Structures are given as structure tokens and as C-alpha cells.
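What follows is a pair of complexes built around chain A, which joins chain B in one and chain C in the other.
Take a look at the complex of A and B:
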């Protein structure tokens, strides 16, 4: 298999995560079940004229892409691959509501043009003048990981490439609220920091963007090596555990080689058993870390785990707020990521210090 | 020449037929599927022509044997019908005998149900199971669950090039040995959302569309699903599989010109065709036929035509046609619909005509094939382009 290094990374989330020097020293407290990203100063990255029409996804995506590019020192990527679970929901919703409320009259094209799932990928390409490979994956909670699988494959085919990979999802006014009606989002507001101990169904919802520059060679800016990544459409808790064992086996890595495991627990009492099972079995002796009580859940929330992994390697320390058990690793060289949503779209990824 | 990845099965449902053989018969008898809208309540019913599949959702539920309380959108049901046919065609009975994955392209996902129930959701619990079904990935998993595929499943949404990209990814993954068998294609149902969306762009024709004609007025929207089964050489040899053709070349490039419009020099399309030829190990003059994207919008046909003249030379462009006047523009499914037609062309040594063409475009000398043509075919190049500057080219060989 070809090597795959994270040579630049940027994250926008509901916590202040855009400042490269900081690592969750300051935590924003969220008290609602739907909350927005902590906005960086988008004006530093986007011209005002262009910004006027941009939805939140595009703003977050273009900005995170730009920070990741700077961070990697690469000026022009050789491919742009994005993942989004729900796409440009804000503009889709506005266009749909106009159709429904105004009986298909008085519509303008802008909202439709910006409603497609590949809008962010297209806008990043347009901004850079990048004519290379451009693709968008939309596979629920595995959207970001689907993009990574493509990038990893491309580095095997064409090792000289620098590939910009991003995950983006935004909150939209009414369609996000619909997820309260079908139980995906908790009905009542909660103190999000206590999410992991919640005794109710559903989770809390937010938004964000992660972009990474991937390459097959280690550089001065390398943060981590992605050893491998796998997605599984559907699995029971027991099957998920077996998939993780088989995944590690194939990589020749034993459980005790994993210094820390980053899990996607989201406080949904009906589905967190997927994680609890691993916490009590495979990883009972491993340092366990969670993050959705800080940034909420959304289809590409799992991309935050990659940012965390990179930060842990860089700082060689883990903020207490992430720790959910009493084990502390002796070193941080190998980190495993696991995420799922409603028992579907499982992803497993292994990061190593480089 | 690159040997390419084997295609061992195909399935399709479109406005010209409910399976592969019906589609072939319609193509051979030059019988198109463009009509007025019957099944969607829209104020534009009498303004536009579409390629609509004349089956209600109830018909499709029955055909698939679904629970009445299922959460399949129309997009998912069309996908399930086509994917199922592809598996039967490839004579696959045990789906999990090999590492098998599923990649579908869709642009609307479950929008057809969302737009029906959106305003009712807050008041009525009845249809809330469709809230999740709005999402493109959910559409794909409705189909993959129906087929029993639980491992690698993904959705590509690059507007009208989605299915072409799904085929490309499947071929790449098999070639790299990442998986043994991949079901690839795309599905999109007609929806008010796309009817109005393309309407605001003023690119819907009120008549049957006329690809590559100087007086073209725009596209006819269509709905369809089509899937291919791609299998590794090991499976093909071990099971002595019949091969319908091979995916020998693929490429994806971005026009990086405008969010929706194509550049006047067809740069993205040019780059995609050029790289696909390189990957296939073919020279431009070795292409026997081009199944063009040819949506019949003023912008696309000009941009694509210019790109073809740049690749092939204006007087050396191979026989080409757009089959969109048969099916309408089936958006995310178009790439796989036209992949099925390309495989039929290879099998039958037949080129399906570009209907409704009368007047050559002023900008170049290109004239599409307007009659059914018998010709020995070994290599076919197929284009798919979409919003966001996404341009993809696939090359199929015998």
C-alpha cells in the first residue's frame, strides 16, 4: 500500500480550533441541542464581494481549505476531494421552501446553483483555478472517510500528487429541526458538555469543516501518517468489534500497540453501546478519548478525530476534557479512530506519528 | 492498450424501458421516451417535456416487494430495480461470496419524497420516516441493504457526472485490488426541485430536445437508474464469466470556470478526454464512437463540441451522438445509462442515433450521427459533465 501523510490540516468547529498554536485550552460551553460553528474571521480568507452569496458550508470550506493549503506549503493541489453528509442544506432548504410556499413561482437560480452537494468542491476549485480531479462523496457519517479512501487510492496510483481532502456540513434553519421530529436530535436542550452521560435518545447537532493536504511523502509539515482507513455500511456492535480486530490484524498491530482510541460517542442512549462495548472489551486498558460533547455531531464530525490525532502527536499531550477513562498512555505514537451513526456508516482509521 | 476492468452485468430502468432488453428495443426501433409529465404535481406540467418512467411509486413498491411502510424514495426504488437486474445479469446469487461493494451516484437523493411531505412533517407523524430518506447516502443504503451489501458502500454526488465517477472509482478500486466486485452506477428520480431548478436557469426545452442542433432550446429532464457489475480478473477467470465489455479509460477534471456554466473552450472536457485516452493507452483516432454528454443546452453542446474538435481534430472527430433525446437528461444517472448504451453498442455493433437534429451548429463542422448505424465497434468514449465544473470521461472497450 502507498504511504499517506497528513501534510497540512485545518479545522473549523463549534470550538475555537483555527489557531494552529492552541489545543482546546479554551472551551466554549454550548447549552442547546443545535448550535453553530465558532466562526473564524472569514474576511481574512474570502473577498467581501464573493462572501455575500456564500452559504455557511462554502465559507467554512473555502476558509479551511485555504488554511490547510498554507499549513502544507502546497500552492496548487493535484486533486480536490470533499465529503459532506447533507451538502448545502441552507440553500437547498431555501429553494425548496420557495417552491412549496410560492407554488413554484418567483424563483431565482442562485439558490439552486448553490444547492448541489459538490458546491464547496467546485468553489474551492474555482477559487484556486484548479482544473484537476474533483469529487464529492455523500455517505452520511462516512462521507469524510469515503474521500480519504479515494485519496489514499490515488496516492497509490500517482504517488507524486498532493491531494486536498475536506469534510463540510452546515446547520440549516428548518431541515436540521426536522431531525428533532424523527428523534435524531434530542428534543430538549442540554448542557452539551454533559452529553456523554445523557440518558435519552438522539444527539446534539452542529456544523464544521476539516481540510487536510495529503501526500505520499513525509515533509517538514507532516502531522501524521494515515496507516489505513476502512468504512463499513452496516454492522452490529459485535460485528463492528470484529471489523476493528481484523483491521488491526491486517496492519500487524496489536491492541496494546494502540496508545489511544478516539471514539464518536454522541450521547444517544440507543446507539452508544457500539462504543461502550469497545470501551469495556478491546480497549478496556487503552486511553479512551471522546469529542462530541465539545463539537456536537454531524455527518463529518468524525473528521475532528483526525485533527485531534494530529494535535496529540504535535503537543504530546491530551487535554483532560477529552478523556473518558482513567488510563493514561505512556506515549502517543499510534491512535485508532472509530465512529458510527445509528449503527450505520462505521469508519475505522489508524494514525501514527511520523 | 490497457486491458481495463471487466464488466459482467448491467441493469437499467429509464423512460424507454424497464430493463436492458426493452431499452435496446427502443433504441433500435428509434422510439423515444419523451412526453408530458403525468406523475408529478407541478404547475409546469404543460410547459416542458420530460423523460418520465410511467410507473407510480405504488407500482415500484409492488415490483420490489417492499413493506408498505418502507422508507424508499423513488430514487432508491429505481436504483434497486436496475441494480437487481445487473446482479441477475452477472449471475450472482451469493452477494457476499466475494468482497463486494456498492457505489451509487445521485443528485436529488430522496428529494422527491421530501418535497411531498416537508410541510406536513411538523404536524403529522405519518411520513416522518422519510426525513432521513432525504439524504443521498440513505438512498444508496436503501439499495445496498436491499441487495445485502454491508461492507464498502458509498455515494458520489457531482451533479450530472455522478454515475460516471462511480464507475471510475469502482474500476480504480478493483484495479488496485482493494475489492473483488463492485456494483456501480447512479439513480435520480424526477422532482419538482430539479424541474424548478433547471427552469430558473432557463435551460428546459418545451419541445423534444435537439442535441447539437444550431437551434437547440435546452434539455428535457429525465429519470432513470442504471448499474454495472465490475469484477476482478480472478473472479472472471475462476468462474469463466461472460464479459460485456471493459472499462479501459477514465478521467475526471474540473473546468474551474463557473459554478454551473461550461467554459467556451471546453477545457474541463478536453482535459478529461485527454487523460482518459492516456489511461486507456489509446490514440484519439482509435476511438470508434463517442457517446456525447450532449444535453441540448446551448452552453453544453458548444463547450463539448469545441473540446471534441480539440481532441480529435474538427475533420477527424469520430462518429458521435447524444442519446439524451431518447431518455432526457437523467442527471446523476446519465453516466451509467449511457454506459449501458455504450455496452449495447459494443455488443450489437450499432450506433444509436442523435434524434431531432436538423441544422449544423455555426461554430464548428461537427454533425452527429442521426440514423441507426451498423459499424464494427471496439472502443467507445462516453462523456458526462456536471455543475461545479465536474467533467468525466469513460472509455469502454470490447
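Take a look at the complex of A and C:
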């Protein structure tokens, strides 16, 4: 594949992550199994007239896109590609409630317009006046990575393009609670900071947005190089391990070349063995980092890993709160990301300092 | 009529999510669209639904809304003459 650089990046999560100068210096302790993102001052980024109709995911997405654009110095992207697992759940719920309560009468346009999965991509484009390629991928926990793969393919064919790629998911009153009924969310509230030591099934859910400006050329604002990304729909832990080995082998990277591995452990006793297997075998001597005890899980939570990788390259250090083993890397030049959810939608990504 | 005007202002603020606008800030003769309250075409559709749902007024031609939604006074006058609930 061709070159792919992250030339601008922004993240909104359940931790304060929008201040470019800070790197998880202040940690918010969440105590519930469902919690919301830490809101920046959206009014700094969105006009009040536009914001009044926006649900949380639209506000997060438009703001993160705006910061990433500013960060990259690119005024107008040549494509906007977004990923979301569940789309605009809040407005979808309100729309369905209105259908129920008003006996399928008096349906208003705003909720309908904003209840689709591609609402955020559309709103970012409308705000910029961008009429270029605009696509949204809905692929469970690999939604963000699917949008990245599309961007990579586009850069391969049209290397001069600047592509805005984003991942967005939000918490909603009823549909998030449904995941408690099916066991995806832990039954009882927990101290989320201790999530990784949990001995029960399910995880904690939250929300967030990450946007990145990708280009095929390294610029003054480049944060990292994306060496490659791979997604696998379904795999056992043994198969996932083999996929990772083969992935690294194809890139000519040995396990020892990986300075740190960023894993998506989410405290679900039924599925964290995917990560523990890697922690005890392939990466037993590699610095291991986790993040879902800070930001919770949601379909595009893995996009936080890309933000982490960029921050690690920028600051050349790792906050202790992320470390889950005693190994400390001598340098941070190559970082591997691995994530899965319920044994499905595995993603592997390799980032390098540039 | 004054009561209906106040009611309309409250409904418009709620229905159109005008979180930063107070009832007292909307003048009875202020234009609702353009330079006044700054409403747009999506708001017009929301107001058409509001008329039908809360006052039983069904506009046959959405273009009628342009004149009806000129200001709170004009709207209140039209509603008082045509309401069925």
C-alpha cells in the first residue's frame, strides 16, 4: 500500500482530550456502567443557530472534525469518510417515540433528517460546504477501521488528496440500556478505573468521536504514519494471534520491533481472553497499554487508540494510568493496535513515528 | 389573544430548540424568518406540524406558511380564526 500519514487529529471522549497540549494529565473517575463524553465548549466550534438541532454525536463529530482540520492546516478536505457502529441513536429514539406517542402522525423533519448513520458526515460536509466524496461505514467495532481502509485505498489511487476520516458513537437513553438486557453492559455500576480487573461479563459503555486528516505526504503537522490496517470479521483468540503474526510478517516487522501494543481490553470476562492470550504470549515482553478503563467501550472506541499512538509519539512518554505490565519501552517509534468486540470485528493497525 | 401569543412563543422556543432565546426576547411583530428570529426552511416545516398537532389546522399548501409565519401577531391571528382545537 501507499504512504498514509495522520496530518491532523482530534478526539472527544469521556476524558478531557481536546486540549492539544495535555495528555491525560487529569483523569475523570466514572462510577457507572454507562457514562457520557466530557464535553468541550461546543459553542467555540459550532454556530448557535446550527447547534440547536444537533444531537450529541453531531456536536462531537463536527467539533472533532473542526479541530482536526485546524490541526492539519487543511481548509477543505477532498473526501469525508466516517465510521459509526450505531449512528445517531438519540434522534432515532426520539423519532421512534414520536411515532408511538403521536400515533404515527405529526412527524417532524428534524429528527428524521438527523436519525441516520451518515448524519455526522453530512453535517461536517454542510458546515464546510464540501461537496466531495462522502461515505459512512457501519461495521460494528471495525467501523472506524473500515473508513480508514477506504481512505487508504483512495490515497493509493489519488495520492494528492487530503481525506478527513472520523469515528463517532453516542450514548442514548433507551437503546444503550438495551445492551444491559443482552449482557453487553455490566449489570451493576462499577468504579470504571478498575474495569480491567473485573470478574464479570459485559463491559461499560460510553461515547466519543475521533477525526483525523490523512494524506500521502508527510507534512509539518504529521503525527504518525499508518503503516497498515487489517480487519477480520470473526476469529478465535488463537486465530487472532496468527493474524497479528502474519500482519507483522507482511510488513517486515518483528515482535521485538513493536515498542508498545495498545489493546482494547474492556473488562468483559467472557472476551478479554483475546487480549490476555496476546499479553501472555506474543507481547509478553512488550509494553502493554489499555484505555477502556478511562473511556469505556463503544463501536468506535478503538479510534481512541490512534489518538493515543499519536500522543505517545508527540510526547515521547506514556501516562502510568495506561500501563498494564511492568515493561517499559526504551523508545516509542512503532506501536501496534489491536481491538475486538464480542469476538467479532477484530482490527489490527500499525503506527510508526514519522 | 395575548395569552395565545405567549403560548406560541413558548411552543416555538421548545419545538425549535431555541435554547438561548427567552419569551421576552421575541417581539409580537418581529419577523420569525430572515433578520428576526432567524428561522429557516426546516423550522417552517416544524411550524406546519405544530399548527396541525396543537391547533388542528392543516395547511393544504405549504407555501401558505410564508404569510402565516410572518410574525407572532400574524400567526396568532390566523390560529384564532382557523383553529379546530
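The rule is short, and it goes like this: the second predicted complex is superposed on the first by the 352 of 354 C-alpha atoms of A that agree within 3 Å, B and C clash if a C-alpha of one lies under 4 Å from a C-alpha of the other, contacts with A are read in each partner's own complex, and residues count from 1 in each chain.
The rule is short, and it goes like this: a residue touches a chain if its C-beta (ideal position, glycine included) is under 8 Å from a C-beta of that chain, and two chains touch if they have at least 3 such contacts.
Given the structure is predicted, the values throughout are model-derived calculations rather than measurements.
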Residues of chain A touched by chain B versus by chain C: which partner has the larger set? B
Just to be sure I read the superposition right, which of the two partners does A:284 touch: chain B = first, chain C = second, or both, or neither? neither
For A:327, select first, second, both or neither according to whether it touches chain B, chain C, the two together, or no partner. neither
Quick check for you: in the superposed arrangement, does A:108 touch first (chain B), second (chain C), both or neither? both
Just to be sure I read the superposition right, which of the two partners does A:48 touch: chain B = first, chain C = second, or both, or neither? second
According to the stated criteria, A:194 is in contact with first (chain B), second (chain C), both, or neither; which is it? neither
Would you mind listing the overlap between the chain B footprint and the chain C footprint on chain A? 105, 107-109, 113
Can you check the complex and tell me which residues of chain C touch chain A? 15-20, 38, 42, 45-46, 49, 52-53
In their complex, what parts of chain A are in touch with chain C? 48-49, 52-53, 102, 105-110, 113
Which bits of chain B are touching chain A when the two form their complex? 42-44, 102, 106-107, 109, 111, 114-115, 118-119, 121-122, 128-129, 131-132, 134-138, 140-141, 144-145, 149-159, 165, 169, 172-173, 176, 178, 192-193, 196-201, 251-260, 267-268, 271, 386-390
Under the touch definition given earlier, write down the residues of chain A that touch chain B in their complex. 80, 85-87, 92, 95-97, 99-100, 103-105, 107-109, 112-119, 121-123, 125-126, 128-140, 142-143, 146, 149-150, 153, 156-157, 175, 178-179, 181-182, 184, 231-235, 299, 344-345
